[in-house]
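Next come two complexes built around chain A: one with chain B, the other with chain C.
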Partner chain A sequence: MLEALGIAALTLAVLSTIFLVALVLRRTSVAREERRRLQAERRLRSLALDIVGGEEIDVSGLATEELAILAEVIGRLSRNLSGDARRRISAYFAGTSAFATELRSLGDRRAWRRATAAYRLGDMACDDAVPRLIRSLNDRDADVRSATARSLGRLQAHEATEPLLLSLVVGVVPRAIAFRAILDIGATALPGLHRLARSSDAAVRAGAIELIGWLGDASDAELLVGAMNDSAAEVRARAAGALGRLAEDEGATALTDALDDRIYFVRLHAARALGQVGEREAVPRLLQQAREDRFEAARAAAEAISRIDPQALLAAAELPDAGPHLHEAADLLKA
Partner chain B sequence: MTVNVDPPLVLVADDDPDILDLVRYRLERSGYAVATATDGAEAVRLAGELDPALAVLDVMMPALNGFEATRALRDDPQTARIPVILLTTKAQEEDVQEGFASGADDYLRKPFSPRELSARVQAILGRR
Partner chain C sequence: MSYLHDLAVFLAAVTLTYFAALNLIYLAFTAIAWRSLVEHLRARGHAPDDEVFTSPVTPPVSVLVPAYNEGPTIVESVHSLLSLRYPQHEVIVVNDGSSDDTLERLKTEFDLVPVRKALRFLLPTAPIRGAYVSRRHRNLWIVDKENGGKSDALNAAVNASRYPYVCAIDADAILEEDALLRVARPIIDEPEVVVAAGGIVRIANGCRIDHGRVLDVRLPRSRLATLQVLEYFRAFLIGRVGWSRMNALLSISGAFGMFRRSLVETVGGYSRDTVGEDIELVVKLHRHMRERDERYRIEFVPDPVCWTEAPETLAQLSRQRRRWHRGLGETLWRHKPLAGNPRYGWLGTAAVPYFLFFEFVGPVIELLGLPAILVWWIFGELSVLFLVGFFVVAVLLGILLSLAALTLEEHSFRRHREGREIARLIGFSLVENIGYRQLLAFWRFVAFFDLARGRNDWGEMNRKGFATIKEAPLPPT
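Moving on to the complex of A and B:
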């Protein structure tokens, strides 16, 4: 029995030693690999800068591994670039196998590989990736969908506006990522957003209206004023916010009318927007809201008056029926 | 920190080494000497020591951000006249306003075009 225990202990000790040695060897090998990679990256960095800078560079002499590292460095630089430098990056990748490899990897069975490919394709700046990336917005893995949305934004793919907004509404891509991607697409997303603002789905209309508020201009005011009569309160509230951001006088009447909306958060957003527009004629109605409405809506009204007409706010705060919100706004004004 | 002595000298400050390299590459090819810093405090110190013709400062930097570094340059008579271009990912109207309020001469949003940056540097320095 003792002998068997001794053999077992010895075996365990030998196995532990082998395991430790393997671990040390593995760690050393990884560290060596990382050092070699960093050295190669330092060596290839000036080449990457030359390519981005528009120099004619012959990379045919580089090994496959070096080309992969070069592609990674250029991709990283690409994240900070726009204009002609980004067009040069696109032209460079269009002529390399790295682009085709990443495109193919979107179909890889490993989720991390698909996500990496989706992310890299955005940095490669090649518009040819857009149709395939749009399909990846339906990937079964959340990280792949997020990386895809980010890349479609980086590629300013206006044709991805609708799928991105739908991804946002359904929740398959985090709201912040999908929203940012559409903002990155910029004004070219507006025609798609105008179509989506007439969707039969209220959540889609609300998302489209909000984004029009961020990307649009004075010419969108009429559409937004129309949305103030939408049957969905969420759409009316977003339209009010959008009109406030555009700060167009054209929306002032609709916003003042919205102070009588039956849903309090529409009244809240309307009050905020009136403050941004600076609509003086709405001050009496805002004073009433600041005294009588629910907490958030009343507070928003008081803050709006503070922006539009500070003297009117200070005077109203002296009255016996002023209420806590006018007092608070007046105190902040005096501070 | 790297310093080239050929005039005119442009001081570039950013905590992202990729951006430092990109800006340095473009400006050196446009005929400028470039000194680099990796935070706002170092940028202010180098501006005092090197008296650059212009400074390109990132807004989001450790130690002192771009707005604070610009204000520090403006508050020192020795560096008050150095033109400043701010580089930032933030594109909100109030950030632009804060940039100009802090004394910046121009503003460039990231991701940026190196050619546009070079053109703006040339425009400010009046160099063709």
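Moving on to the complex of A and C:
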């Protein structure tokens, strides 16, 4: 027994010493590494700015590690750039081994390395990476898929619209990230979204309709009004939201009719949209919804009236049957 | 004499077994935590945080702040919460019948105006006196109610919240600017699966704080608070990371936790008859989801930081630890069907038994076991060498675990930039096993008497400061 205690004590003492040494070494080495890196970044930043600014720079004299740091600095700059500067970044990376390395790393067996590569390729701005990145949307690791979606958005890869939307619908890429990526692709995503808005899958239709609301224009109103009669409530709700964002009068009648939808979240989105469109004809029906409907739908109706006709709201709030939502909206209006 | 001998041998054997098992568990958790944190840190390098921040479909969050006599800190706290980096959030402060000037300070600072706010009242609460909105920050709401305790205030805030996720924050806590965004990441990534997430709590004593922001991370001057820094490292970086990996996280700190609102409402909100409302809510959520065989996760995220003030006097620390222990005991008693029940997965088979035997009953074993070993020695069946050896091994294990937690912190987050602060923490990790841990065990032991007496109060914590649809009535002018 005593022997066992002795061995245990010795083992613990050795392990504690190892942790102690690791702690001290880690602190000194990280501090040194941070200092060195900071100095290198400072030195290379002006070079990076010159490259982004279109100067002809010879980087052949830089060591491998310096080239990697330079690539990172340019990558960071690229996140806030567009237009010619981004094209110059693309031209720079297309000729470096850094791009080839990251592209190759998309097939690495380590998930974190694949995710890092997917992320960096977005900052390198090279369109050549798009086909390979689209394939990475099917990676088995969630982080890789998220980083890939983000990069496809950064690269404004319109050909990725459909796979991105499908990834969003199936849930293999977080909705917030896939949605942002398609918005980053911009108006060039619209033809793909129009195709998907006619999909046989209601969830795909709903996603496409919602994004058309963000990226589309007045010419999409007819498609959205049509979607207000879709058999799927999710599509009707998204179409209402999209019409509200486009603020097209053309949708006002369909939106007012949707206040009678049997599904409450369609009524909710329709009320919000009517507030954005500013449809005065809908006020009596909105007043009724604000008094009688479920909590969120009633609140949306009260807020819509506040936007469309403040006087009508204040008058309605004085009535004995006004209810809490009209009271709140009226008080907020006066605040 | 024989009876005493048998009892001493039994207790001593239980103590030795308990000691060996507990430390093996700790060591296993250290290994699990190490792996999890390394993965988490790698993922941070390619996390599309900016995309999440600018995405219009990132779910909005209601930040809930129960406030009772928080006059010295409330204004700074609210400023810090309003400036959080998150796409869309509202802050709901519930003044829980404060007897100080909490409400007056808020009114003056934020230009509040009374509003008849529509409230859900799905969760019962003490009567609401009124609600206010800020003219300067339209996403700041104050609900004024009669005193009903922290749980009651949180339930009132849930009733008043607008958004699908709620994040409960202590009024005296400070969140880092991107903490909300980071703690929400598991929910944003898997909204259908993740129902709750909690972040890390760190000790703000000693830090330089200005306008609700921690500008410089420093160790507390107080030795007692410094000991708690180490303790929090162990609890959060090892314990919670490990349990989270097994989806058996029993507790999300009441100081900083995010929940799916509809689920909180479904399980009846925060229980008003316990002082451990945070742990109780998490166990209720687990139980609800498991009993319906629904796929879910409750996650701990190690990098979003909530800074909080730690007790600096023995009296305050004693009250806090006794309250925590009472809360744990009440929750374990209330949810006793979970213990050892495989239907509840790792929660039933590992987490609840662990918390029952090692966290809850542990202090009794520690305090009764050591005298029993001494009695065993008096009977002449143990040698002095064994006693000394046992003591040395116990202390070395404690040191090892603290150093492991410290190394983990240093490897991952490196919040303490000064080398001498790390040296100080190393020093404390050597001495905390003699005196401090025994004191904690004693307080937790005393909590059993509080439980037996049916104590249900929170006790005072003197803050120094850091620097059915109804509506709320209009407050009296």
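Definition applied: the second predicted complex is superposed on the first by the 300 of 335 C-alpha atoms of A that agree within 3 Å, B and C clash if a C-alpha of one lies under 4 Å from a C-alpha of the other, contacts with A are read in each partner's own complex, and residues count from 1 in each chain.
Here is the rule we go by: contacts are C-beta pairs under 8 Å (C-beta built on N, C-alpha and C of every residue); 3 or more make two chains touch, one makes a residue touch a chain.
Source: prediction; values computed, not measured.
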Once the shared chain is lined up, is A:Arg79 touching chain B (first), chain C (second), both, or neither of them? both
One more residue to check, A:Gln39. First (chain B), second (chain C), both or neither? neither
Contact-wise, after the overlay, does A:Gln288 reach chain B, chain C, both or neither (first, second, both, neither)? neither
With both complexes overlaid on chain A, does A:Thr188 touch chain B (first), chain C (second), both or neither? neither
Check whether chain B or chain C contacts more residues of chain A in the superposed model. C
So, does A:Asp143 touch the first partner chain B, the second partner chain C, both, or neither? second
Touch check for A:Ser97: first (chain B), second (chain C), both, or neither? neither
Scan A:Arg175 for contacts with chain B and chain C and give back first, second, both or neither. second
Which superposed partner A:Tyr119 touches (first chain B, second chain C, both, neither): second
Across the two complexes, find the residues of chain A that touch chain B and also touch chain C. 79
Give every residue of chain B touching chain A within the complex, in rising order. 16, 18-19, 21-22, 25-26, 29, 110-116
Which residues of chain A touch chain B in the complex? 45, 49, 52-53, 76-77, 79-86
Within the complex, chain C is touched by chain A residues 1-2, 5-6, 8-9, 12-13, 15-16, 19-20, 22-23, 26-27, 30, 79, 112, 115-116, 118-120, 142-143, 146-147, 149-150, 153, 171, 174-177, 179-181, 183, 214, 295, 298-299, 323-325, 327-328, 331-332, 334-335
In the complex, the residues of chain C that touch chain A are 39, 42-43, 45-48, 50-52, 54-59, 113-120, 133, 135, 138, 188-192, 383, 385-386, 389-390, 392-393, 396-397, 399-400, 403-404, 406-407, 410-411, 414, 419, 422, 426, 469-471, 474
